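Two complexes are shown next, each including subunit A; its partner changes from subunit B in the first to subunit C in the second.
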Partner chain A sequence: MKHHQKIPHPRLQWRLAALKNGLQDATAYRIEFLFEIFGSAFVPAAVQWVLWYALFKIGGATRIGGMTYLEMIHYTFATLLFSQVRGGDHDFELGDMIRTGQLSNYLLRPVGVVEFIYIRGVAPRLLIAGICLLLGATVGLWFGLSPSRMVGAMSLALVGNIIHYQIGATLATTAFLWEESYSLLMVKNMVVSFLSGELIPLNLFPHSFQWIWKSFPFYLYVYGPAEYALGHWSHEEFIRQLGFSFLWILGAWLAIRASWGLGLKRYLSLGG
Partner chain B sequence: MVIEIKNVRRSFRSVVKKEGLKSTFGLLFRPEYHVHEALKGVSFTLEPGSFNGLIGSNGAGKTTLLKILSGLIPPSAGEVKVLGHTPFHRTLDFRRKIALVMGQKAQLWWDLPAIDAFDLIRAIYEIPKPTYQERLHTLSELLDVQPMLNTQIRRLSLGERMKMELIGAILHWPSVIFLDEPTIGLDVFAAHKLREFLKVFNQKEKATIILTSHNMDDIERLCSRVLILKSGEVIFDGTPTGLTEKDEILLRVRLLENVPLAAMQQATGISDVNLERRGDEQINGNTFLFQIKKDQIVSILQVLMKKFQIADMGIEEQSLEKVIQRIYSEDRARTT
Partner chain C sequence: MKLSRYLNVYGTQIKNNFVREAVYRTNFLTAVTVDAIWIAIEFSLFSVLYANTTTLVGWTQNQIYFFLGVFFSSDALFTILFQRNFWNFSDLVNRGELDILLTKPIHPLFLALSRSINMTAIFNLFLGLGIAFKYAPAAGFPGGIHWLKLPFWLGFGLLSALLIRFFFSVWIFWTERSWAISRMYYQFFALATKPDTIYPKAIRYLILTVLPFALIGSIPARALLHGLSSYEYFLLFLVLSLLFLINTVLWRKGLRRYQSASS
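Here is the complex of A and B:
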């Protein structure tokens, strides 16, 4: 019997090929890739652990922001998983491409450059998300956490990854105006580190300051998934937040279209 | 016509940075700008399937013109049509039909072998697999890079990399190819291979090619038409042979005596632009090359025979490089 290989739709074909290519590129150096997965996660987690240990064990606190020491450790573990999915600095790559003129290589290909760079860049993140999901579900079972919640939380973290890139891609267009977007993207990343819940749980914010993190989509990257995975958010709340995240995606997509449309008119294709 | 451009102008504004720390701080508050006109009303048309050379000194506007033609940047004024499209609109159909190769800009991914990059390009351009395999085989055979297809790009030599770049750029069989100094930095053998390939591709596939190069061998061997750009203007548009077959010749005269160049200029009235002293006097005697019009031969020889002792003389073939150098010098002299 002849085996008929199913050929994906052309529009899907290049996206799948870009994913494959991105993964090949990210794993070209095995040691570097393993460090990227495991290395970067441990410093923020260690900082959190030292902080909670000092406050609970040395300082004698029993609850902080309504959370016990064990709950804080659970939160730290959850952020360890979801903050790995949030990352990926392909927005920096966009800014650099505009500045150096490397963008020209992509502009003449019959695919959207912002989407192309995202798909190539997200490929290793998807692999990392898979590993983190497996790890989270396994360890979570031990702590009595639901694997289905872990799947939902990881999906929200991946949606957060899209929003994170979209915001970065919009900010990167400042390179069309000022030739450099590096500092702006760095500031964005620092704000994200703080307001995503990667460093501290966002419910530790004073009540009158809660509006700050609620006004940005960053909490959907780490805090939101962690809250859902740990059972602090109900299913209804999760669905509501997922709805919000899609609204953010739509808004950011419009921002990308506008900023890239304007920016490309100023593009100089420098560098020979 | 496959390419039509009418009165195209393009200017760039850039910040002027004066020397010193004071001006560095000054820039933070009140930057000064300089407007540079890269193209000043360029017009020409190109026929389908033609191989065209675009030459000019650094800063003449060649790359700017290629960027406008490929749709990377818009012109400040004027009209551009490539394959009936306005390039800067960068429609999908347009992008599928063109290719731009920049000798100084890598398009392939540094850490991957070329074969992985080509596979992605295949998917982007929706090239059917059998067609892709056939093209890849043909191109890699022609360019002699088949054994290197699975080697990481960063581990290839400059010449091998350039060949891979070229394959990646034309795997989709474009109708128009823009080549910006594709032989830059290549050794003689690699440059020759690349030239041979471009020649065959142009003849077989009837693709329209525009090539910019500082290497006159590229232009002489490949192009049926040459456009010379000087400070953003076309100062010559014709065949390469048209450049060398004007009514001018290169007269070589070897004297028995030692005559300084200045004395020769004074005696014949030929300016230093058109007069050259060649080689080692001990070996070649005292040889002078005169770039003169045909009807000047008799009068020059009369002067030379009257004033100096001539050992031998002859007419030499002009190199394209020399001719272009002279065109530049004449243009500079005219404008200053």
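Here is the complex of A and C:
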């Protein structure tokens, strides 16, 4: 009797392999991986906490933007979890590949380069998302946060991660024109750090400036998930925002198709 | 005579760097844009906060903007003179490129830290100075002859940044890769972008002593606005001297550990 080992479909196979490869790559230097998590999580959260401490405890304020000190601390805790998921610098890798000509190697393979780089880069983020979800669901109970809301919020954060990469992948195509996209991607990351809500809650923006953060999808990365996890968004609002995020994904996907299509026509494959 | 030799070498480095910047003009423009956006974001952060409050632990909005001007200027000086050299510092050790510098009749650290000069950050320096000048009167800075203190305090901020960055970089002699520690430097650097008085006591103590990030911009801005006591001057001297001493010991120990990979 013959035993047939179940082999995943080739389309799934390469994606799983890329995911595994990305995870191994990120965790090869475990100490550095931990350092990175510590640095990118606790220091920004500490800076945020310091601001609230200065305003409330030293300055004597009771409410800022309608929020109490405790509410600010809860927000800081939530952003600490979701800001870990939003990141990933794999869009920089795309820009580098175009600049150095390494892209040529990928163009010969029967897999989409943009998707391949994303899957490889998202692997450590998925691991971190799992840890953050576990942490949020357990420690969050202490703060009175609902675990089911935490799951929903983490899902939105992961959708945000996709949008973040899609925008980066579109911007990376400027490397076809100017040979480098590093600066543009840096600018994007700096704007995201402010408009995603990981530094301050976005409702602190004056009313006349609220349109700024609402015009970009960046609030869906950290502020949106934090608002839902903390119970500030209703389920209906969450569904509405999730719908918006899918529209952003669709728009960004079209942008990738157009920009990569145009870029590849200009590509000279030097050094590949 | 020895000083003139160092000045000669430095003059050549500046000339080489000018030529390089002239070749990569697009890079110059994009780097200037990145810096301008960073400054705009720091400004926006405080603008949003001050839309919800009138003072931040005694700092008015204009005083915070003055602090940002001083901080950006001090940081720009560091970026111009040293930042790129620290990016390359780990390569010197890992790839054994330090060998060549060790054989030169000039201090290897001088060569290692003066090779690359980032001309694009000159824009940042002027922007920072412009901000400081614009907000100085409203912030309560007496102006006039007191502006002469500004170069001293900017130099002080530069020296502090140099010593702190070196402290974070010198561990490359003991670690395989240094980017995680370098990344930690930039994470802690975020503490320097706010005035030290807003921090809780423990953190404030940390950034004034063990990791003296407050000496880059906060102390210079505070000294210019309100002045410092003699005791505070003594403490600043003590902190920088100790950091210099620790760096010297680590550098010497590191050199003894250095395996000269290229030989």
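Just so it is clear, the second predicted complex is superposed on the first by the 265 of 272 C-alpha atoms of A that agree within 3 Å, B and C clash if a C-alpha of one lies under 4 Å from a C-alpha of the other, contacts with A are read in each partner's own complex, and residues count from 1 in each chain.
Here is the rule we use: a residue touches a chain if its C-beta (ideal position, glycine included) is under 8 Å from a C-beta of that chain, and two chains touch if they have at least 3 such contacts.
Note that the structure is a prediction, hence the values are computed from the model and not measured.
Touch criterion met: A:108 reaches subunit B, while subunit C stays clear of it.
Looking at the shared chain after the overlay, A:268 reaches subunit B, while subunit C stays out of its contact range. Of the two partner chains placed around the shared chain by superposition, subunit B is the only one that A:25 touches, whereas subunit C remains out of contact.
Once chain A of one complex is fitted onto chain A of the other, the partner contacts of A:162 are absent, as it touches neither subunit B nor subunit C.
For subunit A, the partner that touches more of its residues is C, with subunit B and subunit C as the two candidates. In the superposition on chain A, A:46 contacts subunit C only, with no contact to subunit B. Of the two partner chains placed by superposition, only subunit B is touched by A:14; subunit C is not. In the superposition on the C-alpha atoms of chain A, the part of subunit A touched by subunit B in one complex and by subunit C in the other spans residues 29. Residue ranges on subunit A touching subunit C, taken from their complex, read 29, 31-32, 35-36, 38-40, 43-44, 46-47, 50-51, 53-55, 57-59, 61, 64-65, 178-180, 182-184, 186-187, 190-191, 193-194, 199-200, 204-206, 209. Subunit B meets subunit A in the complex at residues 12, 63, 67, 70-74, 90, 92, 95-96, 98-100, 102-107, 109, 111-112, 116-117, 119-120, 122-126, 152, 180.
Across the complex, subunit A meets subunit B through its residues 10, 13-14, 16-18, 20-21, 24-25, 28-29, 101-102, 104-105, 107-111, 265, 267-269, 271-272.
Listing the residues of subunit C that touch subunit A in their complex gives 26-27, 30-31, 33-34, 37-38, 41, 44-45, 48-49, 51-53, 55-57, 176-177, 179-181, 183-184, 186-188, 190-191, 194, 198-200, 203.
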